[in-house]
Structure formats: structure tokens, C-alpha cells
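Presented sequentially are two complexes of subunit A, the first with subunit B as partner and the second with subunit C.
Here is the complex of A and B:
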């Protein structure tokens, strides 16, 4: 029971973080049709930004959090303006390669800026590192903090889409881009907004993840591919699907690591992705929907 | 016949490549050999991505399989290199064919994800199947000797790579110009239209994956000999991006472009060998720049500016067709 609860909580925590990465991917994909292969690197870069604010400048954790979100938003907007805007009409291959290029620019910049400091930077935890025993269940406060933070972000995100003007505009564009243009929505601005929002959520996820995993320039890819897996599990187009997919990836990874072999932890998500793509390529939630022709 | 036609340029480059060992020092010969190996990789990948339009990310893994295969056959079963080398390429081709099975159902991004997952899986196997692959530390592969021929190992390997690359280039040129190449392009441009013309999607997708797997396998075998060492590090995502940037820089859908792009990227890579961060930034920037502003790559530029650069079966659609001659209304009206 101890092992199971420990694995489950660990899986849920990392799963919630994957969900956040997946949400960023889905937001961008829903509005623009692009899968941002740089999402993991945006995540990594924002983590380093928060580290600079928190550790180097000595500002409090909430400031680091805000800095990461704001930094993510600005990065997303800038990349959209610089690279993606001129690509709006090209094919999937071009778009994917451009985002891959962006990923490497970010990774290399992070290595040049922060890489010299021992490569692995530790982010101070928000809570005490001692685990708490509740009956036979062991709880790691840091994990709980990350999980709670992720839930708050998801709720805030849902509220943003449901109630705010910007969120409504994005939903309208995702529903029907032509109709959105007709009522006076600028599609270009929605694209920029989507990239910004997607990167901002990656920034928020990074600050939550940083105390649990160390910060290093190559961390982005692992988070990206698991977030991508989560997004695909959810069908690449559904926000709730992304959350469910992320939790599933996290739990599978954690269980495989605990019950089979710790080596399996790295590879279990990939096996899961390949199986899902072979069995039902349009995501788990689509099993309940009629297939459109 | 223009002086700078594609055929002439390639022939001049080949002649240059033939005499490289005469004046190059050991390091330059190493770089030249690396370029030749990457030409193989880029051609295979260009057939898969540029011609057949399959957005696959498994080429680094195939390259790895091609490197591990022959080296392990030599170490564990003490096969001679001349048997292990083609056998490794065959294994890589078989894996390529295996990957193509899900590719029939998946397209675009989903294919990208499944092949990425496969690449990660392959790297995990290289890392953790200790008894077979010697784990993260890698292992030495036994060096080949060109005993009866009066060649030192680096020079011999260089010529072996060059001969392989020339054969593969000729093979690829012919494949691309043949019915198969046209089928690839048809699949890339529209799967539905291709099917309605009687192109068997499974067959041609599998063929594209098989060819790219085979060439990556050949390249891997030569690479393991070039380094005399095999470790999981060289076959990661960065490797994949290097190869992708080669075909983008050279020109998607062009065999000559693959060769030019491979040479350009390897040279940039070697110049920046000291700084990994700068290497990554430059690569990313090159990739974005070419995708955004120069979709045709180097070949696209050459085609525009060099008269007589005859590119068979144009790959990308960047070069605009000449505007149709406009019928002027006054001419029409003046007709009797």
C-alpha cells in the first residue's frame, strides 16, 4: 500500500505537469494547427528564467512564478512574430522543422547563458523536503505543492477560456476561423495570443516542476515528448483530453518504474505512445465519438 | 549544355573528392569522410521526407542500428567487416520497413510522434541492454584492414565510403527519376489523388522507409569504422536535427541538394566543434531561416541563379512557374 500510494502520488504529480505542457500544445494546435515542437524548450527556458529571478536576484517565489509566466508569454509572442507568422501558408513539414529549429535555438541559448554553472541547477523547494506519513500513506509536501499548483493553473486556464474576452476570441477562432474573421476578429492576433498563452502555461509548469527535477538545458525534450504523448492521447484538440492524457502518462510511467524496473520509467511513455497510435490514432476520447468522413 | 549544369558540378565535386587523400592531413580526411557518410544519410532521408513526404524522425535511430549492427556482429560473433557491414544495413532496412507499418495509418504529426517515440525507444535499448550493447559507455569496434591493397585504414575507409556514396547517389537518382520516384511525389502531394491513380500507398511508403533505412544503415556501418567506437550518444535527437537541417539547407526533394547540404552542415558543425551551445543556436537559426525564407534550399537558389541547373522531378514548389503569356484584349479584338 505504501509503495502503491507513493507511486500513485508521484505519478499524479508528474502527470499534472505533463498535462500542463500538453495544454500549452493543445492551445497552440487548436488555434493555429501547428504542433509547437519547441514547447519543451520554452518550458526549460522559463524554468531557468525563474531560477535567475529566484536564486540570483533573490526575489520571492511568487515573483519567480510571475516572471516565468510573463517571460513565457513574451517568448511565445516574439517567436510567433519572428518565425511563424511568415510560415502560415506552408505545409506541415516546414512548420514542424521551424519549431524544431526554434527548440534548438532556445536550448543552445540556455546552454550558453546558464550552462556554465555545473549544468544541473537545483531550484530551492517551496516546502520542507521531509515526507509526512498519513496512516500508511507517505506524502511528499513538495509533490503536493506542485500538484495543487497545477490544479490551480488548470482551473485558471479553464476560467480564462470560458470567461475572458481573449479566451472567447480564441475559442471562436478555433471553432470556425472564417466566421471569426467575419465578426471582426483578427486571426493573426489570435495566433500570436495562442503562442503566447501556450508558452506562458509552459512557464507556469516549469516553476512547479523545477524544485522536483533539477534544471538543465536538455530537460525540455523529455517534457515535450511526454506532453505531446498526453496531447495525442487526448486527441490533440481537446483541453480536457490533454489533462486526462497527461495524468495517464504520469501514472503509467510511475507504475512501470516502481513495479517492473526503474529503467522502464524512461521508456514506458514511448511504448504507450506507439501502442496508442497503432490502436487508435485519433486519441482515447475519440473512441466514444462517431468517426467523421 | 551549360557549363554549370547539375551533372558537371557533381562531377567536379566527385573529382575533387577523389583526390582529397592526396593532400589532406588526417583531420581533414576525417572531416571529408564524415561528409561522405552524411551524404549517404541525407540522401536516404531526403527520399523519405523530401520525395515521399513522410515526416519521420527515426533516421537517427536507423543510423544507430546501422552502427551497432555490424560492430556487434564483429564483436560478439566475430564476423568479418565485409559480411557484417551489409548485414547491418539489411537490419536497418528491416527496421525501416517495420516502422512503415504504422505509417500507413498515420500521417503528418502523428507519424512524427510515433517515429520520435521509436527513436527514443531505440536509444533506450542502446543504453540499457548492457549485455548486448555494453550500455552507456559504448565499446570499441574492431578496425578493418585493407590488407592486400596498399591502403592505410583511413584512406581505404574513405574510398570505401566514397564508392558507397557514389553508388547510392546514382541509385537514388535513378529511383527518383523512375516510376517509383513519381509515385513518391504523388504520395507526398496528395495521398488520395495518388491512390486514385493506382499508387499502392503501403508499397511505396514501405519502399521509402526501406530505402532510407538501408542508406542510414550503410552510413552507420561506415561511421562505426570511422570512429572505431560506438556509443549511444551519437544517435540522439541532435543527430536527427543535423540530418533534417542538411536536407532543408540542401533542398527538400533533391538528390544533389542532399549532398550539398550535407557538406555545408558538416563544415559548419566542425567549425563550431568547441561550443555546443553555439552549435545548437546556429543550427536552429539555419533551420528556421531556410524554412522561412529559402524553402528551396541551396538547390533552389542554384536553380534560380545558375543557368542550366536542370533538376529532375522538381521537389519543392518554391520556384514559381513563368506567368502564362497574357492575351491582350486589343489583339483579340483586332482579330477579324
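Here is the complex of A and C:
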């Protein structure tokens, strides 16, 4: 039971971070119809921005958090302008390749800016690194902080979509872009907002992940691939699916590593995804929705 | 068909006459009466710059010192750097540029193992003398290429030293946690061979990916086996995650690293959890830490030549290698050729170098010239210490 609880907590923490990366991917895909392959690098870049604010400038953690979100939003808007809007008349392949190109630009830029400061940069823990014993179970405050932070961001994100005007406009456009245009919604602005919001979520995820991981310019791809897997698992157009998918990827990864062998950690989530996609090709939540209808 | 032997002989003689000056010229490429052009490739940018740029800085201060003393047999050393970006294709391109465009006489350098390994064929084909500074891939020097020598430790030497250290530390239950990418495999295989050769059965064999962010599963599995020594075949990133998670889950074995995690001070910073690296030991190619008073001379030279830099172990790798190359160039004599330099390198025996764990010995059959890894540790909030030297046979 003790082993299970540790593995579950570890899996939930990793999974919550994958969920946030997946959410960013889904927001962009839902609005624009393309997968932003620069999402991992946006995540990485925001992590370095937060490090600069927190470690180099010595500002408190909340400022680093806000800087990463704001920086992410700006980078997302730039992504829209550079890799999407200017190429809007090309086909989907061209757009996707533009995001791949942007990923390399961001990675190279991070190398130029932060690459000479050490091979891996550590981000100070948000909470005390010492574990707390609750009965026989050891709770790691840092993990709990990341998990709680991820849940708060997910809730804030859900509230944004449900209650804010911008969120409602984005939902309306995602449901039917032509109808949204007919009622006077500027599709271009929605796309910009989608890229900005997606990257801002990546920024928030990066600040939560940074103290658990280490910062290095190549870190983005690993998070992207797990986030992408989570998005595919949950359904590339489903926000709640992204959350469920991310948590599932994290938990399956952790449990496979703990109960089967550590060499199964990388493989197990993808085996699960293959199995799920055979049963429901549009993602795990599409099955639920189909029954609901 | 009748062979025209006279004609063939004439052709052979003509070819020999024509080829000889050409071969002779190749042997003396990069040499003038007053200079020897030496090329170096390694990462000048990106995370591998520690093994590239910093090692090259160390080489350059040795060359400056030699030049200030009049050079070698009247010739000053010219040093040309090329960035391989820690990339195999980049290393091949860098080696080709140095050999064919810059026309260097010899090469010294090589930081990232896979990159240097990729460049081996190019260098071997051009028959340019090459002294490896920091790349540990076995394939660079095994089987030996006629002109390639190394003052870096190799994967096999380090693996043997890791096993020996665990034995010397009286570890009862030994476990391994490793990466299984090409870098990890190059170390994991000789490690397993050495364990087998010593008759040791490991209690656990766990795996981590280079990008792992959580090692809870690995730590719990090792903890269940009660392993008291963990040999880590990991990069600093997964190693830091492992050490951090081990600490948080109350698992405190002896952690045995290798040169991939060669800086205990940086590692302590990366782990960022007080006490998590208290039982971490790792291998260094050099027997001194940068803050050792013995390194004062080199600290002054490096910091004067490269303002803003602080002496690091990576500078020391370059310093040690450069001293060996300089010695070989001296021994090769004033009538210098590449062939003579190779012969001089192969004959270096028990040559004392300022930084390595033991004197350097190369032989014509074994071009792995440094087989004496030093063991480093860092007490929490204390300096890095050299614990011992392991002589690997």
C-alpha cells in the first residue's frame, strides 16, 4: 500500500504537468486545427524566463510565475504572427512545419542566452525539500505544491473558458468558426488568443516543473511528447480529455516503473495509447461522449 | 597478353618519385620553420562547451607558456579551434575543415564522445596525429587507430573503477541504475562485463531516461532490495533527479558516479536538497580540484588569459593533454614529421603530468594513456575533496 501511494503521488504530479502541456496543445488545436510542435520549446523558454526572474534578478517566486505566464503569452502571440498568420494560406503541413522551425529557433535562442551558464540549471524548490511524515506515508511538499498548482491552473483555465467573454468567444469559434464570423467575431484575434493562452499555460507548467526537473535547452521535447501523448489519449479537441490523458500517462508511467520494471516507464504510456486508440480513435473521452448522446 | 615489365617498372619509379615529395609534404603539413599549427575541435557552444571550450582554454594556456619559453625546437605553437556543437556530423565537418582547409599538423581535443567517435574515421584516413582530451567512448581508441591517442579515461576504464570502488567500500549489495541510450550502453556493457568478471551479482538493474523528471519508481525498487551501493551510469540531469528522490524517500546508499557527473559541486547545486549528495562519489580524470593550492599556477594563467573565467576541472583536462602533446612534440625532434610525432606519443612512458592521477603511459598497442581515475566527494557545504586514485589495469 505504501509503495502504491508513493507511486500514485509521483504519477499524479508528473501527470498533472503533462496535462498542462496537453491543455496548451488542445487549446491551439481546437481553435486553429494545427498541432503546435513548438509547445515544448515554449514550455522550456518560459522555464528559463522564470529562472532569470527568480534566480538571477532575485525576485520572489510569484513574480517568476507571473513572468513565465506573461512571457508565455507574448511568445504565443509571436508564434501566431510568425508561424501561423503569415502562412495562413499554406496547407496544414506548411503550418505544422513552421511550428517545428520555431521550436528550433527557440531552442537555439535558449542555448545562446542561457547555454553558457552551466549544463543544467537548478531552480530552487518552492517549498521545503524535506519530506513530511503523515502516519507511515511520506509526503513531499514540493510534489504537493506542483500538484496543487497544476490543479489551480486547470480550474482557472476551466473558469476562463466557462465564464469569461474571451473564453466564450474561443469556444464559439472552436465549435463553428463560420457561425462565429457571421456574428462578428474576429477569427484572427481568436487564433492569436489561442496561441497566447496555450503558451501561457505552458509557462505556468514550466514554473511548476522547474523545481522538480532541471532546466536545459533540450528539455522541451520530452515534455512535448508526453503532453502530445496525453492530448491524443484524451482526444486532441477535448480540454477535459487533455487533463484525464495527462494524469493517465503519468500514473501508468509510474505504476509500470514501480510494479513491472523501470525500463517499462517510457514504453507503458504509449502501449496504453495504442490500445485506447484501437478502441476509440478520437480519444478516451469520445467514448464517454458517444454514450452520453 | 604480354606484360611490359620494363614499362611497368618505369611507371612504378615515376610514381614513387612523384609520390614521395607528396607524402613528405603531407607529413609536414602545418609546419613551417617557425610554427606548428595545431587544431582542436569540441563544443564551443551548447551544454557540451564544458568539455570543449573550457578544455581548449586549458590547452591554450599551456601552449602560451611553451611559446613564451621560445616554442618547441624553435617553432611556436599556433592553435586553431573549431566548434563541433557536440554533434557527430559537426565533429566530422570540424575535423575535415581543420585537416584539409586549415592544414593543421596535429589535432588535440574532442569533448563529446559520440561526436569524437564519429570523427575517428576522418582523422584515421588523413593519418593526422590526434590526442583526445575528454571523450571517453571506447571506440575512439579501441581497436587502436595508428595516429589516435587519448589522455581521457575511457568508458571501460571508468566502469572498472566504479566496480573496484564499490568493492573497496565494502558494499554488500550493489545495484545499477543506468541510461540505455548510446552513451549509456557504451558504459553499461563494460560495467556488466566487469561485474561478471569479479563474480558480483547485482541486486537490481534499473533504467532511467535522460529526460526523467521522477525517479520514485527506481528509488523504491532499489530500496526494496536494500542495495547499499548504487553505480550510476547517468547524466547529471537524471542523476540529480535520482539523488533528490532517494533523499526524499529516505534511501541513502553510496552513490557511485562517473565523469558524466564529474563535478560534485555542480551536482550538489543541481540536486538542490541538503544532504542528498553526502554519499555521492564520482570519478575525475584529474587528481586536483580547481581550488587546490597545487593548481595556483594554472589558476593564475587561465584567469589572466580568459578574464571572467574561473579555473575548472575541464580546464585541467586540457592542461594535462596539452602537456603530453608538448612532450611528444619535443621528443619528435627538430626534424618533425607526423610519423615521428606518432612514434613519440607511442613511446611516452611514466610521464608525469601536473594534473592526472598518475604518470601517463602510452604504448604502440594501447593508446589509452590515462588509466588512473581520481575519486571525488563533496561534504555538504564543504569543498570538493580528492579521496583516492584507482589504478585500472
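A few notes on this one:
The working rule: the second predicted complex is superposed on the first by the 275 of 293 C-alpha atoms of A that agree within 3 Å, B and C clash if a C-alpha of one lies under 4 Å from a C-alpha of the other, contacts with A are read in each partner's own complex, and residues count from 1 in each chain.
The rule we apply is simple: a contact is a pair of C-beta atoms (placed from the backbone, for glycine too) under 8 Å apart; a residue touches a chain by one contact, two chains touch by 3 or more.
Just so it is clear, the model here is predicted, and its values are computed rather than measured.
After superposition onto subunit A, the modelled positions of subunit B and subunit C overlap sterically. Once the two complexes are overlaid on the shared chain, A:228 sits against subunit B while remaining clear of subunit C. By the touch criterion defined above, A:266 reaches both subunit B and subunit C.
In the superposition on chain A, contact is made by A:274 with subunit B only, not with subunit C. Of the two partner chains placed by superposition, only subunit B is touched by A:98; subunit C is not.
Looking at the shared chain after the overlay, A:125 reaches subunit C, while subunit B stays out of its contact range. After overlaying the two complexes on the shared chain, residue contacts for A:258 are found with subunit C alone; subunit B is out of touch.
In the superposition on chain A, contact is made by A:111 with both subunit B and subunit C. In the superposed pair of complexes, A:83 makes contact with subunit B only, with no contact to subunit C. Touch criterion met: A:138 reaches subunit C, while subunit B stays clear of it. With the shared chain A as the reference for superposition, subunit C clashes with subunit B in the stretch 130-138, and the other listed options (4-12, 76-84, 112-120 or 130-138) are free of clashes. On subunit A, the surface patch touched by subunit B in one complex and by subunit C in the other comprises residues 111-112, 115, 217, 221, 263, 266.
Every residue of subunit C that touches subunit A in the complex is listed here, in rising order: 45-50, 177, 180, 206-209, 211-214, 216-218, 220-221, 224, 236-237, 240-241, 244, 247-250, 266, 269-274. Of all residues in subunit A, only 3, 6-7, 9-10, 13-14, 17, 111-112, 115-116, 118-120, 122, 124-125, 129, 131, 138, 140, 142, 209, 211-214, 216-219, 221-222, 254, 256-258, 261-263, 265-266 touch subunit C in the complex they form.
In the complex of the two chains, the subunit A residues touching subunit B come out as 35, 83, 86-87, 90, 92-94, 96-98, 100-112, 115, 217, 221, 225, 228-229, 232, 236, 263, 266-267, 269-271, 273-274, 277-278, 281. Interface residues of subunit B facing subunit A in the complex, by the touch rule stated above, are 49, 53, 55, 102, 105-106, 108-110, 112-114, 116-118, 120-121, 124, 128, 237-238, 241, 244-245, 248, 252, 275-288, 291-293, 295.
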